[in-house]
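Pasting the structures here.
Below, chain A partners chain B and then partners chain C, in two separate complexes.
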Partner chain A sequence: MANFKDNEVRTCDTTGLPVCLNAQFFIKLNAVCAVVFLLIGALAAIGLALTRWPAVHLLPADWFYRVLTLHGLNMLIFWILFFEIAILYFCGTTLLNSRLASKKVAWVSWLLMIIGAVSVDVAIFQGNSDVLMTSYVPLKGSPLFYGGIILVAVGTLVGVFNYFGCIYIAKRDKTYEGSVPLVVFGATAAAIIAVGTLLHGAVVMLPTFAWSMGWIETVDPGWYRLIWWALGHSSQQVNVCAMVAVWYLIAYLAVGGKPLNETVCRTAFVFYILFINIASAHHLLVDPGVGTEWKIWNTGYAMYLAVLASMIHGFTVPAAIESAQRGRGYTAGLFTWLAKCPWKNPAFAASFMSMGIFGFIGGITGVTLGTQQINIIAHNTLRIPGHFHATVVGGTTLAFMGLAYYVVPLIFQREYPLKPLARIQPYIFAVGIVFMSLTMSFAGSYGVPRRHWDVEFTGSALGHSFDPGATLMLAGVGVGGTLAFLGLLLFILLTVWAVFLGKSNAGSPMEHWTPPLPPVADEDMEHKTPGAFALVILLLVCFAVYYFANWKALADVWWVR
Partner chain B sequence: MSITPPKDGWFEAPTGFERTWVGLALVWCLLMFLAMPYWHFKGKQNSTGEAYTVTPEAFLERTNRFVETNKTGEKIGGFDVVEPAPGTDIYLAARMWSFHPAVLKLKKDSSYRLHMSSIDLNHGFSLQPMNMNFQIVPGYDHVLTLTPTVAGEYTVLCNEFCGIGHHMMTSRIIVE
Partner chain C sequence: MEDPKSPPHPLQRLMDNPWLLLLLSLLILILSYTGWGWFELANLPPATLP
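== the complex of A and B ==
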């Protein structure tokens, strides 16, 4: 039995699902804020891409590092956290046939987050917090900067607990029967990881804040790196979890894909919760003070069970899509089902490309670079951002963009304008980000450092010249980054237009992105999925080639112990 | 279905392609896990994290003593060339925005105990074009037992952000 109060619910005209109006308000509020921070981060991104392109070298050194700080925090923290809170409110209400736990708590969460995020951005523009996202002590930012981060973390925690409140009242009021839906399960895994992550954030940021105020003398730099990465890395696993939940959601919304085996999918989410926090250790693989056994255990045993989880989702999501498509009669050969997917639906295209980029580029490079010894030939080079732009941008951001193509028509009840442009937007963005990630990785293989203003070392007494190939690759970073920026700008313009000026569809179903697909013959029938299996075997082959090539490259460098 | 509660009896073992893939992925993960201890014993490139606490003042003093004892009198780019005896302890102090000593001369195929620490912020030890990278953290004396296996002229770059002059922070290692 649903537990909505009168006048606080509407029925979706497209899906027939109930929408809690309080939750809808906060989903909108958080999503709009998310997109504003995405825009700030994107404007910073184009400045960075055009500075690292040696022929352009746009920004002066001080502004480069300031804008780099701005980019990291707005993209990796603010855009993603605000959007995730919106996702949690959606999963905790509509999908559980229940109402938002508390409007007041939702206001408190949003206020803390927005005050914190604005404080951080103000501190950065004041010019006394050029400390980059990691703010490794004893590099010192202003108290406003650390205080802002603490407020964002606390606000997010409050929002997460509001989500747990939603689950509690749904369970109490018996608004659903049996176990929670898979997408809710994934969102809950993300929420649980977020709690651990944000607590680490508090543990590291409170003393750092006190130090910036002059209340305490020092914060140990090695200790800071250890605890900070339990925030910095685990928070990315929140993104991964939320992204995978979005893959399942869009697979269902776009093609009616249902997971073949819920036990497998849910177990994979549990692996994320259990093993990802310790995997943060792979940021300290060439650090002093942490020993071999510690590194191998934490990055090997534990991380690889989390890796296993991603490899499982990488099969189960395409398999769900394949099974549904085969049910429509697209049974010929290995890949007819794939060719007949709704590629003109930007949500589907974004979500499927997100899987490909996350797996084939982000996943393979991430596991390889995070291998204890291989990290020696990768740490702090451009190979690292090459990896995480494929996971967080090509993966999470692209999947969230895809979700927006349903959120705007279904929750904001507004239609996107210029649909042909919206249809090509995910492709422009994906091509740009793939090109940028790959060229970053190659530049990093030539030894080009990340977070570095000038590869020509102007003003350096001894200097250094990189292989000309590195300069070419950095030009590629500029070109790919510009293309991705244009794709992102197009997304923001279309979405803002739709939200504020778009045609209202209240009272009628949304205009579907593609003509209706043929019906699935038998909803309960499971089809064999050789196509999805072939795709993951291809992934494994690429993985093995890249992995062993890196061991070979490592074997050629000086001996070190 | 992904957005509705699963049917009763959903808790079941995977079958078919899904079962095969979970098995293959697990084997691959275990293989990658075993590769690390294997390389620890058999491989020549390992980061063991050997480190000792040290104050910036003490480390700078050790480095100064090391430079005074081992400088050859030769200069490159205006900097003293420091040539320690093979098999000894060598010191590299990182600070905004230089390495001290700026020029080190080492013997090919000899091993050295390289002590690295920072006088101020986090810095990076990035040996180019070999592309070997290690972290330098203030308060920690990070020791690498290093054997240059290829002769040539190398640059050490800082690859951890350390302020506005970060890009100027380079030094030289010559291997003969």
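== the complex of A and C ==
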């Protein structure tokens, strides 16, 4: 039984789901802020890509590190966290047939987050916080910088607890039967992971803030790195959970795909909840302070259960799509179901490409780089950004873009303009980010360091020159980055146009992105999914080749007699 | 066919209890990563300088 108050709910004209109007307001507010920070991060990104391209080398050294700080925080923290709060409010209300727990708490959350995020950006532009996203001690930023991050972390925590309030009152008021829907379970997993993440963020930034104020003399760099990475890496695990939930949601919205076995999918989310946060230890694999046992336990063994979870989702999402498509009669061969998918629906295209990029590039490189022995030949090289641009940008950002193609028509009740452009936007962005990610990885394989203004060491007394192939790869970073930037800019322009000037669809269903697919009944869903299985086997083969090639590269570092 | 009156499977009960999942998540993170790592750093012997 729904628990909405009078005049605080509307029925979606497309899905028939109830939409809490309070939640809708905060979904819009957080989503708009997210896109603004995405734009700031994107403008910084193009500056970086064109600086790392040696032939262009756009920015001077001081601005390179300032813009790199700006890019990391706006893209990896602000854009993602604001959008995730929007997702949590949507899942905790509409999908549970329930109301927002507290409007006042939602205001507090948003105000803390926006004041914090703006403070951080102001501090960066003041020029006294060029400490990069990681702000490793003893690099010192301004109090405004650290205070801003604390406010963002606390504000997000408040928003997460507002979401927990939503699922509490939904259960109390019996607004749904049985277990929560799978997408809500995924969002809950993201919220749970966010709690540990943000608590570590608050813990690490408090002494750093006190240090920047001059209240304490030092902060131990080893301790800082340990605690900071439980914020820095775990926040990306929040993204992974939210992204996977979005994959399931879009598979259902676009093709009616339902998981073959929800218990398996939920078990995979439980693996994330329990084990994925300890993967932060990857970043300390060459740190001298923590021991080998700690490193191997936290980056292997238990953590591989989290990797298993990703592999489960990597099978169950395409299997859900294949099941529905085969139920429609697309049964010929291994991949007819895939060819008949609605590739002109930008939400579907973005989501499916997000899966492919996340798995084939981000996942394979991530597990390999997270292996202690191999990490020694990759640590602090461009291979690391090559990996996480495939997970966070090609994976999470692309999936969130796909979701926006439903959020704007369904929640903002506005239609996207220039639909042909919207249809090609995910492809432009995906091609750009794949090219950039791969060339970054190859440049890193030549030994090119990350976070470096000039790898040609111009004017340096102790110069070093990389293989000419590295220069070619860095040019690829510039070309791929420019293409991804254009795709992202197109997304922002279309979305802003739709939100503020788009045709209203209030009172009528949203315009379909593609002609509606033939309906498929649950009993027609095919339970054999050989195509998805073949894709998984292909992934495993690619992983094996890459993994053992890296062991070979490690063995080639020096002669062992 | 499963008896609707039978108690849910323990795994299902775990999945339906976000508070327990939250507790376990924090426990594993703090014990395995933060606590153990902090302990090792705190007990690091001082380096012998040349």
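Convention: the second predicted complex is superposed on the first by the 551 of 561 C-alpha atoms of A that agree within 3 Å, B and C clash if a C-alpha of one lies under 4 Å from a C-alpha of the other, contacts with A are read in each partner's own complex, and residues count from 1 in each chain.
Rule of thumb we're sticking to: contacts are C-beta pairs under 8 Å (C-beta built on N, C-alpha and C of every residue); 3 or more make two chains touch, one makes a residue touch a chain.
What you are looking at is a predicted structure, and each value in this text was computed from that prediction instead of being measured.
K.L.:
Regarding the shared-chain residue A:Q24, is it in contact with chain B (first), chain C (second), both, or neither?
P.N.:
After superposing on A, A:Q24 lies clear of both chain B and chain C.
K.L.:
More residues of chain A are touched by which partner: chain B or chain C?
P.N.:
Touched residues of chain A are more numerous for B.
K.L.:
Tell me which partner A:N380 touches in the superposition: chain B (first), chain C (second), both or neither.
P.N.:
So A:N380 only meets chain B here.
K.L.:
Would you check which partner chain A:S212 touches, where first means chain B only, second means chain C only, and both and neither mean what they say?
P.N.:
It touches nothing on chain B or chain C.
K.L.:
Based on the superposed arrangement, let me know which partner A:Q413 touches: chain B (first), chain C (second), both, or neither?
P.N.:
neither
K.L.:
Tell me which partner A:S98 touches in the superposition: chain B (first), chain C (second), both or neither.
P.N.:
Touch partners of A:S98: none, neither chain B nor chain C.
K.L.:
Once chain A of both complexes is superposed, is A:S179 in touch with chain B (first), chain C (second), both, or neither?
P.N.:
both
K.L.:
Would you sort A:N239 into first (chain B), second (chain C), both or neither based on which partner it touches?
P.N.:
Neither partner.
K.L.:
After the superposition on A, what does A:V367 contact: first (chain B), second (chain C), both or neither?
P.N.:
first
K.L.:
Which of the two partners, first being chain B and second being chain C, lies in contact with A:G291: first, second, both, or neither?
P.N.:
Both: A:G291 reaches chain B and chain C.
K.L.:
Quick check on the output: what are the common chain A residues between the chain B footprint and the chain C footprint?
P.N.:
Residues 179-180, 220, 222, 263, 284, 289-291, 294, which sit in both footprints.
K.L.:
Applying the document's contact rule, which stretches of chain B touch chain A when the two form their complex?
P.N.:
Against chain A, chain B makes touches at 1-8, 10-18, 20-22, 24-26, 28-30, 32-33, 35-37, 39-40, 43-51, 77-79, 98, 102-103, 111, 120-122, 124, 126-150, 155, 157-172.
K.L.:
If you look only at chain C, which of its residues touch chain A in the complex?
P.N.:
Per the stated touch rule, the residues are 11-12, 14-16, 18, 21-22, 24-26, 28-30, 32-34, 36-38, 40-41, 44.
K.L.:
Give every residue of chain A touching chain C within the complex, in rising order.
P.N.:
Checking each residue of chain A against chain C gives 164, 167, 179-180, 185, 188-189, 192-193, 195-196, 199-200, 220, 222-223, 226-227, 230, 234, 263, 266-267, 270, 273-275, 277-278, 280-281, 284, 289-291, 294, 297-298, 302.
K.L.:
Tell me, which parts of chain A touch chain B in their complex?
P.N.:
For chain A paired with chain B, touching residues are 61-62, 65, 95, 130, 132, 136, 138-139, 176-183, 220-222, 225, 248-249, 251-252, 257-264, 284-292, 294-296, 299-301, 304-305, 307-308, 311-312, 315-316, 319-320, 367, 371-373, 375-381, 445-447, 449-455, 457-464, 466-467, 528-530, 532-533, 536, 540, 543-544, 547, 551, 554-555, 557-561.
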